[in-house]
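What follows is a set of structures for review.
Two complexes are shown next, each including subunit A; its partner changes from subunit B in the first to subunit C in the second.
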Partner chain A sequence: MERINQRLGLLSALPVGVFLAAGFLAPLCVVAAFSVMPQKVFSLANLPDFSSYAIMLQEGYWESLLISLAMAFAATFILFLICWPLAFAMAKVFGRFTLVLTIGVVMTLFVSENIRLFGWVLTLMKGGLIEGYWRNWTGQSFDGLLYNVPVIIFGLVYVYLPFMLFPLAQGISMVPDDARQAAFDLGATRWQIFREVELPLSAPGIVVGCLITFVLTAGAIAESKLLGGRAVIVISDEIERAFTYGQNWPLGSALAMTLIAVVACFAIAGVTRIDLDSIMGRKR
Partner chain B sequence: MNIAAPVRLPDGKADLSNFSDTSRLTHMNVNAPPILRVVDLKKTFDSFTALDSVNLTVADGEFLAIVGPSGSGKTTLIRLLVGMEEQTSGEIWLRDRRIDDVPANRRPTCMVFQSLALFPHRTVGQNIEFPLKIRGVDPAARRARALELLDLVRLPQHYYDKRIQQCSGGERQRVALARALAFDPEILFFDEPLSALDFRLRKMLEKELKDLHQRTGKTFIYITHSLEEAMVMSDRIAIMRSGRFEQLGPAEEIYAKPKSRFVAEFMGEVNLFRANGNGKSVSFEHVTVDPVAAAKSGLKPGFQGYMMARPESVRLLKPGEGADVTAKGLVESEYLLGSRVQYLVQLDSGYKATVELSRENRVTWEPGLKMGIGFDLDRTHLIQEA
Partner chain C sequence: MHPSKSGRIGLYLYGVLILAFLYLPLVAIGFASVSTARYLSFPIRQYTTQWYAQALESDTVSDLLWISLQVATIVTIVSMVLGFFGALAFARYQWRFRRLYQKLILLPIFFPQSVLGLALLMWFNAIGITPTWHTAIIAHLVWIAPIATLIIAIRAYSFDPALEEAARDMGCSTWQTLREVTIPLLMPGVVSAGLFSFLLSWGNFPLSLFTTGADLTLPEWLYAKMVSGYSPLVPTVGMLSVAASIVLVALALTVPLLINRFTRKSSD
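Take a look at the complex of A and B:
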């Protein structure tokens, strides 16, 4: 029985396996191959060298990588703090209102990210919604709130909120009510219940939520471009420019590979620590 | 043995009636002030009254069982007592301290949940140590206490590192019990923790729980819908019905002298015969009562209610044999209960009476057997009820 199941499993995984290999793995291999090509070539028929990686280290591209990672960490952390109470309420308190909230949050995803960010630009820029009204009422002017690191992080938090919220709510819904009540009955304070019961029992949801937001925010580009102006240059921006303006595919590939490697390290470290089956549904 | 004023009722009067069976109360310090006093406790959810002014006094070291059908309010009561729910009105006193506005985590009581509510992500040892960890007891002392408690609940020491998922249902019960004892509560509450177990294991754990109660000397308050469970373990039983205590007393008293038809029927099989007194005499439905015996028993002519006879008080009459109360009927079926035999007798009036005999008194039964049943008035109990 087990062997039949195994074979059926492999068989049914075949189509999606082929699709992933052709659409996901193959381009990745091309990028990996280009990352070890000499500078500014457009063919893979060259002797491999590591000049791109050397340039990345010498010319300060790693700074962009660090900035991206730091902002991704900050955004993920802030998102966790913001989303925990909301997710808790969705999973345990709101009842039917949860559905309304879910639809509301999902609806925002129907509007393109760029358009939503432009909305914020109009709100925050000099002469925009906030500064304009402020000037009108007080007569004092200021430079607008755009073009700095905090506003980029704000943009990241705003755009990626659903990706933290829903996994967290899913994770919290896995914490049995009576385990929380038992802890409370046994003398635990609200904080101790959080630390000893809720946090470990909702860990799968937390890890999934944090990983998704971290991976997405580390590769995000629109927030820094639209809200951040030229305040900082994120790694995705560098990659895009290497491929387009710079016409240097090997350098772009090397930057992309480095970003993938760093993010993959975090992802693997996270995923191996939790039982993904518990949140995705039990395997047979 | 005479025990003076064992329990103070809220109005200050001593309630001796609940302690008529003193032989079972030797482990209780009945002279000490009560450990728990509940005064006019009420709980309503919107328009639904879950608890309708409950009064209760529990002696230090007592084992009290609260029994009732589902929806009778027993779970609401226990949740109020441990602080998981807030009352609509009324007071809860623990010794001389009013605790009804104290949240559950600061009440010196704790509960063994129906689901046990063990922490699945922790080992057996960590589960037991949880209340100690919360209090900041250092790890070595915690471990020593956990091992002691494993011993107390009869689990081997190597279970300390076992995962909860590796434990059987009975073992989990013991872990939950050890965790609650680690908290060292003044009162330990139980919310039907044995209901999910199979019969044999339940019987074993019932006895162990009773034994543990005696060894620890703690006050246990146990909620169950199983009367048998309550009778095996507890000193006193409270029967609950639609948010009120219908009767509260030792098991024997509740069994033999129920205060209402509800309690009589809840406490196992029973034969109830309606009695209507008109002021001059009392007429009974279904059965014939010997007027001389009735007069001698002191039956008041104005009595309105039921005459109760437990199946074991009723006999099958041999030809010529008499009794204070008699009726004729068709013995419909016979059930063998091991040491006892039960007969279902359809009386001529249509009432179905249950007769229980010891095995030696078994009759040769065949379908269509007609026999008389009878019992004496001193084996009956009268329930006054309009």
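Take a look at the complex of A and C:
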């Protein structure tokens, strides 16, 4: 039995494993190789010189990285606050309404994010849904609500809400009701139950939710382009520009490698601390 | 311990509010798609369906639909197959590198998609492949196959390995066990993974952006029109794409129920 399991496990991991080696790891190696090439070359047949990293430090590209990371932190934190009560209710309070909510939220994921963000542009712009009706009813006009940093964070919160909500709900459903009941019987307040029972016991879900949100928001690009109108330039935007306008693949690669390295530090630190079997519902 | 009645009502209201928040932009697009004005401004004075007629007649739009449809269909089929075996290795078999494999599978999901698209573009260039919509299929799969694996794995966790062992003890070959026991048991997971794969590929933008070359998918075309200025066809085509997704999900939710009812009736 043991031997069969070993063999079948390896065999069935093979198709997706080989595909990802060719479609994910190999491209990453190409990016890593390009990042140490001299400026503006389009082939890997050159001597490495690390000039891209030097340019990145000298010409202030790290500012874009900091902006992206700061906005990702802000969006992740806000999403945690917004999603916690709802995730709690989905796991412990709502009965059939949880299914309705789940389908409702998942459906939005299937609509391309640029269509949804464009919907917000139509809602928030001058002459849009909000300003237009406000002017119609009150006769007063105000400028559109677009093109600033808060609206970019708002867009991130909007687009990535499902990625925080579902892992949190999954994490909270792992907190046994008995533990909460016991704490309550022993005289714990609502806040103490949250801090001492729910938070630690649902930690795997929290880690997954925060990580995936942080990683995806740090690399997000459409929010700042469509809603922010380039009020700030995020790191993904710099990367894309280096590849397209700049025609400078090595610089773009170096920026991408830096983003990947920062994000990977967080991801690896988080992922090694959680047990995937228990989150995904292994029967014991 | 359970929330009080007012607390429960508050939570329900909060849930409805979040749903409303998620759908508000689509409402704005819906209104925009039936406005007569070439340059949109709310409140809308006159309503029309002319943009829908124009979109449905347009050759550009039907070309875009066709490319997006082909990409999504192939992505769905391949990710169902990759995900099925991937999920068995993820959840079912106890093998030596399973923990490591579980974490490696997650990496493409935990990865900025626009960067992944660019990395693939450079990789295609390095091995001498010209990007077309065929290469976009590869790009979508790098992100979607792991998601399909996870969805099927959730199903695989909940089935009892003893069923497979019993089949094997009764003399089934590995292939027979797979065909007669494992595949039927995992089928619901495979179908929902297929649905997710199709819809995620249908709506994907960041991966397509860099990997389709001269071809365009529907989300890419919409984006190009959005940044180059307003066109009344953008909300219309956006709404059509949303409607297509809704129809597909509605079919996926009702067809199994109907089949269930039908088979139960015929067995009575």
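As a convention for this text, the second predicted complex is superposed on the first by the 272 of 284 C-alpha atoms of A that agree within 3 Å, B and C clash if a C-alpha of one lies under 4 Å from a C-alpha of the other, contacts with A are read in each partner's own complex, and residues count from 1 in each chain.
In this section, a contact is a pair of C-beta atoms (placed from the backbone, for glycine too) under 8 Å apart; a residue touches a chain by one contact, two chains touch by 3 or more.
Small disclaimer: the values here were computed from a predicted structure and weren't measured.
J.: Report for A:188: first if it touches subunit B alone, second if subunit C alone, otherwise both or neither.
T.: first
J.: By the touch definition at the top of the document, which applies to A:196: first (subunit B), second (subunit C), both, or neither?
T.: Touch partner of A:196: subunit B, not subunit C.
J.: Does subunit B (first) or subunit C (second) touch A:69, or do both, or does neither?
T.: neither
J.: Is A:178 touching anything from subunit B or subunit C once the two structures are fitted on A? First, second, both or neither.
T.: first
J.: Scan A:107 for contacts with subunit B and subunit C and give back first, second, both or neither.
T.: second
J.: For A:210, using the defined touch cut-off, is the partner it touches subunit B, subunit C, both, or neither? Pick first, second, both or neither.
T.: After superposing on A, A:210 lies clear of both subunit B and subunit C.
J.: Contact-wise, after the overlay, does A:152 reach subunit B, subunit C, both or neither (first, second, both, neither)?
T.: neither
J.: Does subunit B (first) or subunit C (second) touch A:27, or do both, or does neither?
T.: Touch partner of A:27: subunit C, not subunit B.
J.: Classify the contacts of A:8 with the two partner chains as first (subunit B alone), second (subunit C alone), both, or neither.
T.: In the superposition, A:8 touches subunit C alone.
J.: Which touches a greater number of subunit A residues, subunit B or subunit C?
T.: C
J.: Show me the subunit A residues, by the header's touch rule, that subunit B contacts in one structure and subunit C contacts in the other.
T.: Touching subunit B and subunit C on subunit A: residues 181, 184.
J.: Under the touch definition given earlier, write down the residues of subunit A that touch subunit B in their complex.
T.: The touching residues are 176, 178-179, 181-189, 192, 196-197, 200-201.
J.: In the complex formed with subunit A, which residues of subunit B make contact?
T.: Where subunit B meets subunit A, its residues are 82-84, 103-106, 110-111, 113, 115, 117-121, 130-131, 133-135, 179-180, 183.
J.: Within their complex, state which residues of subunit C touch subunit A.
T.: By the definition above, subunit C touches subunit A via 1-3, 8, 11-12, 14-15, 18-19, 21-29, 31-32, 40-43, 81-83, 85-86, 88-91, 93-98, 101-116, 118-123, 125-126, 138-139, 141-142, 145-146, 149-150, 153-154, 157-158, 160, 165, 168, 174, 199-200, 202-206, 210, 218-219, 222-223, 226-227, 234-235, 238, 241-242, 245-246, 249, 253.
J.: Mind listing the subunit A positions that touch subunit C in their complex?
T.: 1-2, 4-6, 8-17, 19-20, 23-24, 26-28, 30-31, 34, 42, 44, 82, 85-86, 88-90, 92-94, 97, 101, 103-105, 107-123, 127-129, 131-133, 136, 158, 161, 177, 180-181, 184, 211-212, 215-216, 218-222, 225-226, 236, 239-240, 243, 249, 252-253, 256, 259-260, 263, 267, 271-272, 276-277, 280-283
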